[in-house]
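You will see two complexes here that share chain A, one where it goes with chain B and one where it goes with chain C.
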Partner chain A sequence: MTVDQIPAPAGATAPGRGGRAGGDRPRTSMTTRRHRAFYMFASPWIIGFLLLTIVPMAYALWLSLTTYDGISPHWRFIGLANYRELFADSVTWDALGRAGLFAVTSVPLSIVAGLGLAVLVNRPIRARGLFRTLLYLPAVVPPVGAGLAFKSLFDQNSGAANGVLNIFGIDALGWLADPYARYVLLMTVLWAAGNVMIISLAGLQDVPRELHEAARIDGAGAWRTFRSITVPLLSPVLLFQTVTGVIASVQTIMPLLLAAEPTTGGVTAIPQSNYMYMMHVFAEYFALGRYGYASALLWVLFVLILIVTGLIFKFTSGVVFYNVDPEAKK
Partner chain B sequence: MTVTSDTAGSHATATRGGTATGRSVHRSKSPGAPARTRVRTGRLVLYTVLVVITGLFLGPFGWLILTGLKTSAETAAAPVRWLPGDFQWHNFADAFNLIDFLGYARNSLIIAFVYATLVTLSSAWVGYGFARLDAPGRKTLFGVLLGSMMLPQMITLLPTYLIFARLGMVDTYWPWVLWGLAATPYLVFLFRQFFAGLPRELEEAAIVDGCGYATIFWRIFLPQSWPVLSASFVIAFTWTWGDYIAPQLLLSTDRSTLAVAVMSTYVTTAGTPVTNLQAAASVMYVVPILLIFLVAQRGFVAGMSTSGLK
Partner chain C sequence: MHAHAGGPMSRRRFLTVSALSAGGAAVGGTALSGCALPVSTGVGGGGETVTVMAKAEDISPELIKQAQRDTGVRIVTVKHDITKLIAMLTSGNPPDLVRGVGAVDTAYFAARDVAENLDPYFAKSSVLTADDLDPVNDLWRYDGRTQGKGPRYGMVKDFSQDSMYWYNTAHFDEVGLDYPSESEPVTYEEWLERAKRLTRRKNGQTIVFGGSYNGLYEATNLSTLTAAAGGSLFSDDLSRIDFTAPAARKALGWYIEYCRTKVGPSVIQPDPNAWDGPTYQASRMAMTNSGYWLGGMINTDEKLAKASRLAPAPVFEGGPRVSPCQGGTGFWMPRKARNKDAAWRVFEWFFGEAPAKARAGGGWGIPSLKSLRPLMPAEQDYQRRVLRAQEAELAHFSVISFTPYITADGFKALFNQVAPAAMKGEISVDTLARRLNSTINEQLERGKEQVG
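Then we have the complex of A and B:
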């Protein structure tokens, strides 16, 4: 930091040693200073990104080609054998299928729910701020709190969910066990729809009032206005929500927190319907200690996410409407 | 709660003027009594829907509190006991004493505080560079920064854990220090947007005076950015306090955080969970975060929406 505070050591920084060409020289050194300063400011992130993201990813890529298990000293390079094994394993495909199903259900549902809530609390109503706060609050509850709350809510014996069913004379369901566990998982996602709400709300408030008025004068109803004005103007926000939602859904640890024994070692006890790809990675990583094989699983997931994100951007490029040039605000 | 006074006013008029006399000037186009009833029913439906949804959203947390107030027999009873027979307030004290609650809370607090402080400063530092300085490669780097926001952190966390284990940093708080120093794209973006919106003149005089950029950042820009600094701190603090998987991987149970302790230490020697005490403990674990959020709500929400939008 101190280097920068010394007022431009004459000649030392400028490569051109020749004659002092009037006002030319300070300008060049100013530019060089700015360039250097930029890298000085960017360096924490650049170094951190290299050491804490690129290096681990490269390390995982290397491990994925080995039999490394963290214990045995005789691990060795085996080429693509891990990848061949995982593609041949039906457990991988099932786990991937469940993760995909979870993504295509949870993401649209939470976006629709969040957008709906945003529209509701964007209306001129009493205690609007209070409603917004209360609806957003669950999104602030840490995953551990959410997991425990839903576990006790859907407990087979003493949970409120079965209590309600009991009132209607329906037998208690094993919510946290196999066919139903996925619905509980889905509800934990919907519970945090306040996230989408708050971001959509900011987008809704950016929609120019004149557009709504113009639409009303043209005789458009509420639904028509929403569909033809609000949604297109919100489309960048919705795209962002879709992409981040898919990525978040893939790496959710909620199935683990809802499990009977929520430790990274107990991951194998997760009900089948919640045994998604990430849980499979955890099982191979921690329960079985197969670091090499699990690293191959991680890399496959990484590449898949890149492809899916790319596809989402490609297929929405004609639909998403950018109101402002993001670089224009300078 | 700045309910647009116009609408509220005309609404009040409409309600008060039950007989057709109190019609306001604004409503010259109003088709008469049936339409007004329709508006009123509409509002009634709207409020009912809102209240029901809000109730559903608060339900799970309310149930957690109720569970924390029951006896263990009541938490195991089938069919459900909706309310505790006697409110077992001592459950909260018991949950506090059964494990070293204060110790775990202190660990959580240290990690969250260290990480939030460091990551806020480093992200502001990097964000300033992206907002106010230029150099060849800046645009590319910014693209990489935005792209890295979409990197699933769980994918990098597992190999990072192996590397930290090899470096002997497991069971220390060093990983959080390193993560904090490295800045995080989300918050860098937040600061970049804020700094980019400040007027050019702000640093020009200082540059003419020969101040270095570090001085300009520290003396001129940082003091301007209290709202963003506090929003960033609160967001980062909330993440770390809520994080379960990193401390579960990197720390042994004794040195771990409250999140891990609440999840895994409330068990009998036989291994069955002590549901009521665990619920009480998780309430005590969640409430501080909710309070911080309520206090810092404005900045927190603004920060969350900026990163999602522009």
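Then we have the complex of A and C:
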């Protein structure tokens, strides 16, 4: 009897083969099984990402190289002409500048407001749950509803805001026109600061209580504790909010909802201070039918978002504090 | 730490992926709207099915049931949306009938060869006969150069002459102004003067708008005003615009003055109701530039109906009387529609049978078939009064050509981008005219190139 002919003892595994005991089926290593499980769980997202993001992005890239308008018979390939036009288009750059300005004002304001509210409702106060709910409620109001509410509230002739001013003998203001429209837009952002609050609140509850107690014993005051313990431990959360906030703010659609006529053709009737990049994209796509040019605008925005995100990571790498080094090798 | 199967994704990596996904969604999500996504026709069950792209108010669920009873054809509706229409046309799966605005859509779709020539269908129809068609249906004709001539691509469901205006006599009484004539037009300058006197303000708020005059679209309003000043907004081949030409300059100047004086809603003084109806009904507007159709709303309030008058379209001093229809909403049939015969049956039924008769009696527009005119509401004195004014105005109807090289929405978007500065007095009307020429002609040039 050769070695090969010796029957394997019950429960033993044939060398070099996976599978169950007995060696009748190939065995799968733990690593392979884990990889397989990972891809099975991740596949719905990956498939969705490929079909609903990568494919349309590639399609948009192709469109950006053409004069396609969706319906006309004589569209053609024009190479990078749309990109060249874009870089020379002052309306585009003005719109981008306004979007950038909106991002650098609205994101810090909403983070500060949200964090402040989170600190407040994290304290042991009566009816804390009620306050948390009330403060978060605006964040769950659909943007269309919020837009209509703000429009009614700030209408020059019939809005409550001017009603209040009139009580104090102040003449009505054209809130939804320049130069006030930008402030109304900022108010809509702050009104929905509950979103930032809820994430900051989760972060605050993750801060170890013993660190605060140790600081207090060492004689640190409330502000010092907040600045030296709470904020560093919250910094990953704040970074997340900054990145997603910047991305969301440059894509905001709220100016259109606040507009006099939130329609395809009415998109440019938005007060100039609120005519931001995505409004311009919307107008080029749907009012002017310039699918090629609008796709080029979107691709440029995509690249800019990547660059800005990269810069945020680069400049915050020294100030964001992780409890566990996320990049450390095990 | 590297993300691996079964292990947690690092926060940094999660943020990176989130940022990439969100950025990608910005490109991908919007681009998707332009993709040629197949849209189901909803065909199924027995009998023929016709897909109609319409707004909810065009075809109610009751009307759909009635269509099945009357014609045996099942109607499936798709909400009217230009991006969806483009997607359906591109994917070769268009609706069988599509809502459209004859005044501004006919040339656009016909020139792009996506609309079916309906002349052969009209020729065979015993319901929609040539001698019964109101001239307003010429809005749906285009011969490649001129709107109003050539093959028919659609039909109007009902219409108004949209340069006319309604006024509320109570406001005129309040400020001691004579009522405008219901048969003879005032000049645009007189209209604006009256609007100024009728406007009431308090604490920086406009309590009563003296008058609204925005037309249905900026493009149709300005081309009508230009025609009333004795000119044409578009060149003969419809490929260029010239606001510096005397008639167009006069029209533009008048409209900018209307906006600057803030006697009525405009892009720099928006009406929160977005249209005149509720404001006029609430007695916060003395004159509204709306045609006969607004009577459908006014007549629901007897007090308001008795105080309201319908007046002819104004004229410019020495200019012609021009009173076109700026809308002419109806349906057209895509050239690649799959169920053309069934669609035509629905078309005939909608425009010539029970629904058309019901619309004619509703007072929301003038029927597009002459034979249905006797059904227009005339039971009350105020209804007869309005009808007389309207019937006299029909003599001044004409079709004003709209270019196939830009959409009304596109015109509006470009106009609104440039004009507010002039409305606020920051630039002169002449500067505005030159800027409009530049920006709109650029778009017209693109459109012409694409139509070929």
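We take it that the second predicted complex is superposed on the first by the 281 of 330 C-alpha atoms of A that agree within 3 Å, B and C clash if a C-alpha of one lies under 4 Å from a C-alpha of the other, contacts with A are read in each partner's own complex, and residues count from 1 in each chain.
Definition applied: contacts are C-beta pairs under 8 Å (C-beta built on N, C-alpha and C of every residue); 3 or more make two chains touch, one makes a residue touch a chain.
This is a predicted model, so every value here is computed, not measured.
*Asks:* According to the stated criteria, A:59 is in contact with first (chain B), second (chain C), both, or neither; which is it?
*Replies:* both
*Asks:* Between chain C and chain B, which one touches more residues of chain A when both complexes sit on the common chain A?
*Replies:* Residues of chain A touched, chain B against chain C: more for B.
*Asks:* For A:141, decide between first (touching chain B), second (touching chain C), both and neither.
*Replies:* The first partner, chain B, only.
*Asks:* Now for A:313: first (chain B), second (chain C), both, or neither, which partner does it touch?
*Replies:* After superposition on chain A, A:313 lies in contact with chain C alone.
*Asks:* Applying the document's definition of touch, where does A:88 land relative to chain B and chain C: first, second, both, or neither?
*Replies:* neither
*Asks:* Applying the document's definition of touch, where does A:160 land relative to chain B and chain C: first, second, both, or neither?
*Replies:* In the superposition, A:160 touches chain B alone.
*Asks:* Taking the superposition as given, does A:117 touch the first partner, chain B, the second, chain C, both, or neither?
*Replies:* A:117 sits against chain B, while chain C stays out of touch.
*Asks:* Pick one for A:125: touches chain B only (first), chain C only (second), both, or neither.
*Replies:* first
*Asks:* So, does A:217 touch the first partner chain B, the second partner chain C, both, or neither?
*Replies:* Neither partner.
*Asks:* Both chain B and chain C contact which residues of chain A?
*Replies:* The overlap between the chain B and chain C interfaces on chain A comprises residues 34-35, 37-39, 49, 52-53, 55-57, 59-60, 63, 70, 152, 155-159, 162, 166, 172, 236, 240, 243-244, 247, 251, 263-264, 281, 285, 291, 294-295, 298, 301-302, 305, 309, 326, 329-330.
*Asks:* What part of chain A is in contact with chain C in the complex they form?
*Replies:* Listed in rising order, the residues are 31, 34-35, 37-39, 49, 52-57, 59-60, 63, 67, 69-75, 91, 151-152, 155-159, 162, 166, 171-174, 176-177, 236, 239-240, 243-244, 247-248, 251, 259-261, 263-269, 272, 281, 283, 285-291, 294-295, 298-299, 301-302, 305-306, 309, 313, 322, 325-330.
*Asks:* Looking at the complex, which residues from chain A come into contact with chain B?
*Replies:* 1, 3-8, 30, 33-42, 44-49, 51-53, 55-57, 59-60, 63, 70, 117, 120-121, 123-131, 133-138, 140-150, 152-153, 155-160, 162-163, 166, 172, 191, 194-195, 198-199, 201-203, 206, 236-237, 240-241, 243-244, 247, 250-251, 253, 257, 262-264, 278, 281, 285, 291, 294-295, 298, 301-302, 305, 309, 326, 329-330
*Asks:* So in the complex, the part of chain B that touches chain A is made up of which residues?
*Replies:* Residue list for chain B touching chain A: 1, 3-4, 7-8, 43, 46-47, 49-50, 53-54, 57-61, 63-64, 67, 74-82, 122, 125-126, 128-130, 133-136, 138, 141, 144-145, 148, 150-156, 158-160, 162-163, 178-179, 181-183, 185, 188, 196-197, 207, 210-215, 217, 238, 241-245, 248-249, 259, 262-264, 275, 278-279, 282-283, 285-286, 289-290, 293-294, 297, 301, 304-306, 308-310.
*Asks:* Which part of chain C faces chain A closely enough to touch in the complex?
*Replies:* Those residues of chain C that touch chain A are 1-2, 4-6, 10-13, 15-16, 18-35, 82-83, 86, 89-90, 112-114, 203-207, 217, 267-272, 274, 406-414, 416-417, 420, 443, 446-447, 449-452.
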